[in-house]
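Each structure below is given as structure tokens.
Paired with chain B in one complex and with chain C in the other, chain A is shared by the two complexes that follow.
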Partner chain A sequence: MRMAVPDPSLHIKRAKTALWAAALASAVLLVVVPVYLLVKYSISDAASINTGGAPIPLWPYHPTFRSFTYLFSDAHFYGVIINSLIIAVCTVGLSMCLGVPAAYVLGRFRVPGRRLLLLGLISVRLFPDIASVIPITEFFIRLRLQNTYAGAILAHTLLALPYVIFIGMSAFESIPADLDQQARVLGANRFSVFFRILLPLAVPGLVAAAIYTFLLSWDEFIFAYFILGLGKISTLTLYLKQKLAYSPPQNLLAAISVLLSLPVIVFSLMLQKYMTTGITTGSVK
Partner chain B sequence: MNESWEKEKRFKIHEVWPLFPAAVYLVGFLIIVGVYLLGLSFSIEKNGATAFPSVGTVSAVLSNPEFRRALLDTTLFVAVGTPLELAVGLFLALILYQQFRFRNFIRGLFLIPLAIPVLVTATILFILFDYPGGHVNHLLLGHYGFFPALVHVPLNWRGSEFLALGISMLGKVWRDMPISMLILLSGLNAIDPELFDAARTMGAGLRRRIWHVVLPLMIPSMSAVVLLRSIEMWKEFIFPFVLAGKYALLGTLIESMYNDWGNSSGAAAVALVLVLCIVATTFVFLWITEVLRKHLVRT
Partner chain C sequence: MAEVLLKCISKRLGATSIIDCLTLDIGNGEFITLLGPSGCGKTTLLKMIAGLETIDKGDLYIGGKRYNDLPAQNRKLAMVFQSYALFPHMSVAQNVKFGLSINKVPAETSRKKLSWAIDMFELSGLEDRLPREISGGQRQRVALARALVLDPDVLLLDEPLSNLDAALRETAMEELKRIHSQVGTTIIYVTHNQVEAMTMSQRIAVLSKGRLEQYDTPRTVYDSPATRFSASFIGSPAMNFFAGKVEVHGEDAGVVTPVGFIKLDKERFAPLQAMTGRPVTVGIRPQNIAYAEHHESKRYSDTMLSVSVELIETLGDRSLVVSRGENGTPLRFLITRDIAIEPQEMVDVFVDGRRVHLFDLDTDKNVFYS
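Here is the complex of A and B:
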């Protein structure tokens, strides 16, 4: 009777699969654990944070939404959310008003020196935020725009506009070229072609650009910190920074962080396609 | 002929006018940033009056020990953080390079760090690396059964320069790893498997195949990661601002000079140095990439 000899290549294959599975599990943990712990802290009771030397539990002893109810019982917090909303919505409005026409031109016409023009349009974003914020704050002080909504909106528009132009440009480019030509032949003027044909077709991409702009403004910190300071107009990021400085209970910090992140995570996952396009465009030859 | 050229020219200007407001906005701010950055850096306050041009501010900043310390720390931050970002990005990209069930779901999961606001990521680390409590200290002290004790006393993470900048770097790498992953994954996907097979058929071993087939083809994406990540490392502000406090990098030094010391000229001078560091790094990396590419292709 012959014994079955195990195939050595099968062992190697299994070992490779096990190694890959271990790598996958550790990568998933690397990504998920910090997020899980943030959520866990946000619903932790006081005893789960101040444990008196005992190990901090991996799940709260008595999960509670008290941090959230505390935040929402604070009138100042509502003011902060409204400020963030005002700035983000106005930034979206201004960025779209400026960016969509520019994206239309760049996406539909052969503009001479297009590459150079695009480089010129993103040049201001090539400066580190922490470097460009000093000149812009000084300029806004001179115009008395510091500590104003307008200052924050103008600065956030500066940050968002190149993204709106690039995302919008690809949205207009993706529309078949002869569509507007046919409409022109049939007698439609340039404005009709833009508003009745091209704009409706570009809407998905432009909505993505608008949401991206909203999120950029919603979680922006550096320009808000320099232009608004920790003064009267406070945004959610400034509110969180203010709280960090006073080392409040960690569940409160986590609850603010969750509220700040929630719209960003939800919309970012919805906009995955555009995010990855934006990231990889131009970065790989 | 002249007439038709004029017509064409007028026609084009008429077509492209909607571009002008955005162009004026962006280029206008670019000019403002440039003019103010240079204007502030090369001016100095003397007896209540501002003197321009003057190298006084720049030379005062360059001889400032805090600036030198911040420049050194930032250089180390870039030198260590950039390869780390490349390694972590490659690790995630290689995992996703395989075909498996739920691949798209896992890919979406790996993008989560990018979707979390930077300030929130910094806050997560602020909480986890708390002293003397905090999950990380409890983990290292062996308070959880699944992990051995590695230290006997809790570590004051934000109270030591090395640890504070270390966790700042950790936060930066964690937050940005999806970007590196996506770029490297697109590089990996661009490699034609037939090339790899052909090299094997021609007798090339695994080492030679990786060195002479995969690596040269991966150079564009790897250099993109190194270049983009190194620039981001130079620019980093929020993580050290929240986590490293008094241990300044160039970014946080700009903030403290401007907000704490009221020295806008000094802050602008440091910002100028930061911009020059980024430009220099970009040129050095592009040169190294070119040399490396030529070397690998030739051999």
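Here is the complex of A and C:
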């Protein structure tokens, strides 16, 4: 007769599973808690923040969108969002116009000194932003780019370009060379090969690069602060800083932060869809 | 349709020579194969004809015109890659029509061509599928259809069957032959597979290390290999090779080998006599050595050898016997499967003297090949 002796390895397995669960749970908490706090504060009423000694409630006593309605009633705030959009969209446009052709050439041709070029490109991002912002601002002031859209767009393009080129390059590199050659044998010139074969196939990678660039510009503070200062053209990040200076209610700050992170969340979800590989499967082999 | 002429074509990559002064003429509507092991330069040569690789030296003529400096897109050629290189973002129909739309073929003609190709390559029902949604055999047919709708002067095929399984490959070979007889395009076919070369092509160009070893009909290449390489690369199982020396023993002219004296046929007596004492490499196909008991008519030119059987490999209808002759020299021959011989047994075999090939020691050229 078989005895019901528990298998010792089963215990170890269970312990392992429990450990994994705990690790995963803490990782999830790490991501979720700040988001929860942010959202909670953004819809809190004043009484749920200044409780007068009582513990702060887990959920506001009277959830309210008053902070948001206040923000959207401020004409200046609209201007700020428009500014951030203008700068981000133009940065994406400029970075793609400059970066995609560069990525195509670097990813598709034997360029002399390619490694050195790539090293030079990435070196821009090897320094902390706070170190490179001073000389760049100096330079921009001399070019009269301070307090202009162009200044902010150029600065953000400078930051985004290495990423666009690197992401784009690997997008082009991942397309089998047989496809170019095949298209050429069928009568396509380099121009047609690029626009009809390579570009459509590189789109997922390029979209990822574009979204990344948009977010980089949208979130960027240091360069915006040095180049635009707290002058006429204000971006969302600068607006947040400005409000902070007047020690405003926490719910208002939280509301600005929520609006600031909204596109990040939306685009990240979109990015996931585009990050899925497998578009070129079935082309070769 | 056009004839292709390669005149002492060369290509180097740094210090290494990829193609070394290769001359080849391909007739209008001919189906030829570039056959050789990987790294012999056959695909490079094909890409040079296609215009995807530059030609360092020599001339390429297609239809009488010099093509050296014509860019790939302006040559009226079509090519099917080993990988098929289907455009993954385009449907089957869009893939097939790609060349037509690039070359601005009128919509009406384009539609007709497409339906012809869909018919010819049995692709109906697949028009709107993406390449990743169809099978390997279907992809291969799409690639062929895409090439042939352009009515190319020359069709270049780079190992188009190597990604297919054995059964599919056989059907595809028949298919290719049928298509060639129907459209009559000049075809240059690259492969390392001798069966494909033998079955399909009218002439085979055997390549080794960027040089042309032999260019002849499959039959001639098999029956009278021009070089030792040609002899060893074509034919299965592989040819037996020994060191030998030409000698005349009375009425008989032949070669002395480690397995003994092997007689050659009477027709070659005079030239052999003239080269008495010359050291050569002797090549004999396993097919030309017969098990003595099964040997019906003993010819004048047959030489009997005694060998000890080492092992027997079953090939299906026949078996390959690996044996050792005198001095332990390995000798491989074929028997029909109804012959029951066992390892360790001593057996007698006949070597067919008419099918003994002699190669020069230095040049590896067949001493009788003209």
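The rule we apply is simple: the second predicted complex is superposed on the first by the 244 of 285 C-alpha atoms of A that agree within 3 Å, B and C clash if a C-alpha of one lies under 4 Å from a C-alpha of the other, contacts with A are read in each partner's own complex, and residues count from 1 in each chain.
The rule we apply is simple: a residue touches a chain if its C-beta (ideal position, glycine included) is under 8 Å from a C-beta of that chain, and two chains touch if they have at least 3 such contacts.
Computed from a predicted model, the values in this text were never measured in an experiment.
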Worksheet entry | Partner chain in contact with A:131 - chain B first, chain C second, else both or neither | first
Worksheet item: Looking at the overlay, does A:119 come into contact with chain B only (first), chain C only (second), both, or neither?
Response: neither
Worksheet item: chain B or chain C: which reaches more residues on chain A?
Response: B
Worksheet item: For A:253, is the partner it touches chain B (first), chain C (second), both, or none of the two (neither)?
Response: first
Discussion item. Quick check for you: in the superposed arrangement, does A:270 touch first (chain B), second (chain C), both or neither?
Written reply: neither
Worksheet item: Which parts of chain A are in contact with chain B and also with chain C?
Response: 279-280, 283-285
Worksheet item: Which bits of chain A are touching chain C when the two form their complex?
Response: 176, 178-179, 181-189, 192, 196-197, 200-201, 278-285
Worksheet item: Mind pulling up the chain B residues that touch chain A in the complex?
Response: 12, 15-16, 18-19, 21-23, 25-27, 29-30, 32-37, 40, 91-92, 94-95, 98, 106, 108-121, 123-128, 130, 133-135, 138, 143-144, 174, 179, 182-183, 186-187, 190, 220-221, 224, 228, 234-235, 237-238, 242, 251, 254-255, 258-259, 264, 267-268, 271-272, 274-275, 278
Response to the item:
The residues of chain C that touch chain A in their complex are 47, 50-52, 71-75, 77-79, 81, 83-89, 98-99, 102-103, 130-134, 139, 146-147, 150, 156, 163
Discussion item. Going by the contact rule set out above, which residues of chain A touch chain B in the complex?
Written reply: 20, 23-24, 27-28, 30-32, 34-35, 37-38, 41, 49-51, 54-56, 58, 97-99, 101-102, 104-106, 109, 111-112, 117, 120-124, 127-132, 134-139, 157-158, 161-162, 165, 219, 221-222, 226, 237, 240-241, 244, 250, 253-254, 256-257, 260-261, 264-265, 268-269, 272, 275-276, 279-280, 283-285
